[in-house]
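Next come two complexes built around chain A: one with chain B, the other with chain C.
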Partner chain A sequence: MLAYILRRLLALLPMWLAVSFLTFSIMYLIPGDPLVSILGPSASPEARARMLESMHLNDPFWVRYGKWLSSAAQGDMGDSIFLDRPVTQAMAERFGVTLALGVGALLFALLLGLPAGILSAIRRGRLLDTSVMTTALVGLSTPEFLLGLVLIYVFAVELRWFPVGGYVPLREDFLDGVRHLVMPCFTLGFIWAALVARMSRATMLDVMNTDYIRTARSKGLGEWTVVWKHALRVAASPITTVVGFVIILIVSGAFITEIVFSLPGMGNLIVSSVLKRDYPVVQGAMLFIATGVLLINLLIDLLYAYLDPRIKYD
Partner chain B sequence: MKRVALLLTLGLLIGGLGLLAAGQNYGGTLRAAMQTNPPTLDPHQTTTTATQQVACHVFEPLIAFDENYEPQAVLLESWEAAEDGLSYTLVLRDGVKFHNGEPLTAEDVKASLERIIAISPVSGYYDGVGEIQVVDDLTLLVTLEKPMNLVSAMVIQVTWQAIMPKEYAESREELHIPELIGTGPYKLVEWKPDVHVKLERFEDYVSVDTPASGFVGEKIAYFDEVLLLPVKEVGSRIAGLETGEYDYAEALPIETRSTIDANSSLASHIVKPQWALVWELNQNEPPFDNVKVRQALFAALDMEFVVSTVVMNDKDFYLAHPGFRYGPWSSWYTEAGSYNYNQADPVKSQQLLEEAGYNGEDIILLSNRDYYWMYRCTLAAATSLELGGFRVKIEFSDWPSQIGKALTGEGWHINQTGWSPSEEPLRMKGSLQCGAPYAYGYCNAEMDALLDELSKPASFEERKEIFKQVQLLYYEDVPVIYFGDIFGLEATRQELQGYEAWYVAPRFWNVWK
Partner chain C sequence: MTSGKGTPSAWERFVAGLRRALRQRPIVFGGALLVLIVLASLLGPLFSPHSPNRLTVAFLEPPSATHWFGTDNFGRDILTRALHGARMSLAVGLMTALFSSLLGTIIGMIAGSSKRLDAVLMRMMDVVMAFPSLLLAMAVLAALGRNVTNILIALSIVYTPRTARVVRSSTLSVREEVYIEAARALGIPWWRILARHVLPNVFAALIVQATFVFAYGVLAEAGLSFIGVGIQPPAASLGNMLGDGRSIIREAPWMSFFPGGVIFALVMGINLLGDGLRELFDPRLRKR
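Entry: the complex of A and B
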């Protein structure tokens, strides 16, 4: 197993290099530069030239990539053009917000989606199944920003149960912090709960129709024992794949959710950095996220071996 | 004894309530929902509105506009131009303090002006300034290389002329908190990007002893603290205003005005003017290097239709007027040449195009969806062009991309943009002067001569006569297309008293809850 892990980590290296090249170069493919956002649209050519020089944006592409890559490999992503701090510091300040949002959303997705999908499979064809699947369809069809705005209107403006937006660090005021996170986490989690529900239902239906489940039933085992002790164990692996996929989707969905709810997280940082052409932040953040996704995929693969004894990694 | 204490308490309570009822209240926090983060807080580094919105509370200029757009002294006590127009004597107000407690002196002003000239993106307006000498603690002598109207240069955008202490102004690098020290009614305390910019009342602020008007006059910081919160999603800004989480929200869609007015807790405010709708024409390449084609463009356009469409025909939010750059609210407004405005004559346009030899080449129009008013202006105006015989190809991108492409000067013919208000005609030099970066190839010796005359010291009446000539030449030569002005919408909670929308930045002095 250890050898497998090391081999997989080594295999990540060419992928990581490819991702680093893509993330570095993609920003330069977009027209425009950060100077409009820094100096304003009325800046003189002299002021622009001065700033281009000071930011080394006139250096050849490969020189800039080489310097950036060697620094990034040592954990130094450079300095933000706009935030007056290192990119790593800017990300660290915001990572906690996105992590809280992501964990909360994942909890909603799993706590809503898994039971809903499993119950739907058990009660296939009945009212519960139809209701859950219809709700899941609506959830998957609803853009995050629309759901977020509707929730704000109902729960913040009309009912005044939750704040409109903003973020309170949990370590400063845990209860108020949770209050600020409920709606954004639900917004993000509900949509992916729908995916989890649909996929876990489909998986459970496949498993529930297998011979060994029929055998378990014919032995006189209760339905819930059949489901929890036998069916779920086998369904766990495919469901884990979906959960891994959902984690990645939550990361991308966080961008919009953070903007709607004014959360100062990494998504908000990346969106505003793209619009302003804060190259170092976008490159550093994208590389960080891509690295995270690669590692999550590896962890999911390793989890299979734990969940399913039939799977062995040499 | 107990009875006396009770009576005293009651008396104090009633007195306090009376004071509250009487009017202005000191204290509390104003929470303002802004549409974006500033890219920097250093006012000399940028012209962006988000920075100006902070800077106008923290820094003060030497001269600024009052509500009638007349230049008035802020940090100056007086100014005087020499008879030959080659020098200005500036006398500062005595007793003004910086946020660090140090007095404002002529050395600070010299260093600040030199910093603006050295690094500001719009330092070109100070071309002609020679030496800045300190005569005494409160007096400077600015010598000029040629006669120029220094006051006009200084009031082009008041927040760019921020005066700061010499020790910081001598730096040519970007300044940050705690180096950003001004003389304004609020001081900069903290900036957390995506979270807030925090201002605190400056207790030792020395206000000008004249009634508040525009950016001049008395400024009282009633609030202990002002938080400028970036709330990018407009729905969230409105929702937060409704729930009371925010006291002020900027840049609201004009369609929401009826909703805001229907809510008894809220008050809507119209920002007038806010943006001028403008097309910049690339005269580096055909066909707009030909004046007949530019005149055809002008003839084709239905200005009233375009400007009204941008704001969905809400008459409170637009004015299509023949004044080039200045609407009827401005003392610069003139109707010289107005018979040329709003021709909406596609037949005339087609005739002019034929005379010019236009063969139906694609006219590439750069625009964006980032700013709804630019987007709508493009779409509305493009229909007029098609009717007028132009073959239009619109390229939408985001704002930085659009500007990036426009600055190359190649591969486009029309650049959709907007001009923020400016009550000083010299600001047009950047778009009308031969060789200017945003003139995009426009070059007319007569226009240059007129702009040169405008740069010289003269009375307002004399300058206005020159400006009329500029406008007449604009209609004849069509260096740019100026459609008209649109206004903006802001809103506040009813508890926020004293707020008046005006010009580029919300003013959070002289307001209280």
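Entry: the complex of A and C
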């Protein structure tokens, strides 16, 4: 297993290099003079020369990429143009918000999606199955921003149960912090709960149609024992993949949810940086998130290999 | 009407296929919803007495007989704008599905049939997939500039790897079939084998995938426009209409909910169609 993990980690390196290259190249393509957006159109030639020097803008592409990559590998992604602080600091300040949103959304997605999917597989074709699958289809067809706005209108504007938006750190005031997070987490979680429900239902149906489940039933075992002791154990590894997939989707969907609920997270930072062309931040955030996605994928593969004894480590 | 040789003609096969498709309830419902939205978005603006972009003094009027969906903070008719927005969503979604299918099919079929290129091409697809789709689309738009053409380019790049993966795996399973071996033994060139024998067999999977990319494309365009990175005002997009309505949802909920309802109905229609097509093409699912 250890050799397998090491081999997978080594295989990650060229992928990471390719990801960093793509990140750098896209930002390199940005048209217009970056100095105009940093210093303004009326900057003196001396100030421009100083900035060109300090940002290595005179260097050729490969030299700039090399410098950026070696700094990034050491955790230094340069300075933000507009925030007056290092990119890593700007990201670190906002990462906690996105993490809280992501964890809450994942909890909703799993707590709603997994039981719904498994139960509707067991009760296939019945009313429960039809209602769950219809709700799942509705979930998959609803954009996060629409669901978020509906929740804001009903629960914040009309009923006044939750605040319209904003963020209170959980460390400062736990209960108020949770109140601010419930609607954003539900918004993001509900939509992916739909996906979790559909995928876990399909997986369970595959497992329930296998010979050993038939054998377990013919032994006279009760339906719940068959489901809990036999089917769920086998369905666990494909479901792990679904969970990993959903984590990545939550990272992706967090941008919009953060904007809807005015949460000061990474998504909000990235969107405002894209709009202001603060490319060191966009570059840094892209590399950070893509690295996270690569690591999550690796973790899921390893967990899959660990859970499913049929997978060989070679 | 038979071809006289005992084998059904193309027309007969089409009618039989259509009959089978119409037996799938999701295809009928989804198709009907889509046809309704397409017709409304194409014909509606022709009959509407309002202009989508003309500013009037009828600010924030609630739904009425004159303005069925109400008006926005610039006095523009929301129904007319929503129909124009739906046109934009349909166009972006369809073109994204078309371009990513085309690119994905080429890459997927080459990867699936060439052992030499397989690893390189699929690792390239993995690199693109390491970025969350909206993030990559936003970055591409930041680099290329924000307009409709670049939105299409960005979304096509983002969704090509998924299609390439689906086509590759279908190609891999078709590659081992005896008729492909026979075609190879006859000396038929590889590109012809791909076009004449492999493509028709991966077509079902491709159509289903394209339907889902259509839905993703509509949602992604709406999302990008909602956060201000996509279609730029005053051009109407369902996403930027919702974005405009967000800050005054307390005073004018109709500004957000009507365009939102149109996006929902559109994506629901496409998803139903996709689910129905998948069941139609995958007999294993039909038994479920």
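The rule is simple: the second predicted complex is superposed on the first by the 279 of 314 C-alpha atoms of A that agree within 3 Å, B and C clash if a C-alpha of one lies under 4 Å from a C-alpha of the other, contacts with A are read in each partner's own complex, and residues count from 1 in each chain.
By our rule, a residue touches a chain if its C-beta (ideal position, glycine included) is under 8 Å from a C-beta of that chain, and two chains touch if they have at least 3 such contacts.
What you see is a predicted model; the values in this text were computed from it and never measured.
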Touched partner set for A:12, first chain B, second chain C, both or neither = neither
Ask   = Which holds for A:277: it touches chain B only (first), chain C only (second), both, or neither?
value = both
Ask   = First (chain B), second (chain C), both or neither: which does A:153 touch?
value = both
Ask   = Touching A:255, do we find chain B (first), chain C (second), both, or neither?
value = second
Query = Of the two partner chains, chain B (first) and chain C (second), which one does A:94 touch, if any: first, second, both, or neither?
reply = first
Message = With both complexes overlaid on chain A, does A:30 touch chain B (first), chain C (second), both or neither?
response = both
Request  = Name the contact category of A:168: first (chain B only), second (chain C only), both, or neither.
outcome  = neither
Message = A:82 in the overlay: touching chain B, chain C, both, or neither? Say first, second, both or neither.
response = first
Request  = Once the structures are superposed on A, label A:45 by its partner contacts, choosing first (chain B), second (chain C), both or neither.
outcome  = first
Set intersection of chain A contacts, chain C complex versus chain B complex = 30-31, 145, 149, 152-153, 157, 259-260, 275, 277
Inquiry  = Give the list of chain B residues in touch with chain A in this complex.
reply    = 36-37, 39-40, 45-48, 119-124, 174, 176, 192-195, 229-233, 235-236, 239-240, 242-243, 245, 370, 397-405, 407, 417, 430, 437-438
Request  = Could you please specify the touching residues of chain C with respect to chain A in the complex?
outcome  = 123-124, 126-128, 130-136, 138-145, 215, 219, 222-223, 226-229, 239, 242-243, 245-246, 249-250, 253, 256-257, 260, 263-264, 267-268, 271-272, 275, 288
Task = Flag every residue of chain A that touches chain C in the complex, lowest number first.
result = 14-15, 18-19, 22-23, 26-27, 29-31, 124, 137-138, 140-146, 149-150, 152-153, 157, 205, 248-249, 251-253, 255-256, 259-260, 270-271, 274-275, 277, 279, 282, 285-286, 289-290, 293-294, 297
In the complex with chain B, residue positions of chain A that touch it = 30-34, 36-48, 50, 82-84, 90, 94, 145, 149, 152-153, 156-157, 160, 163-167, 259-262, 264, 268-269, 272, 275-277
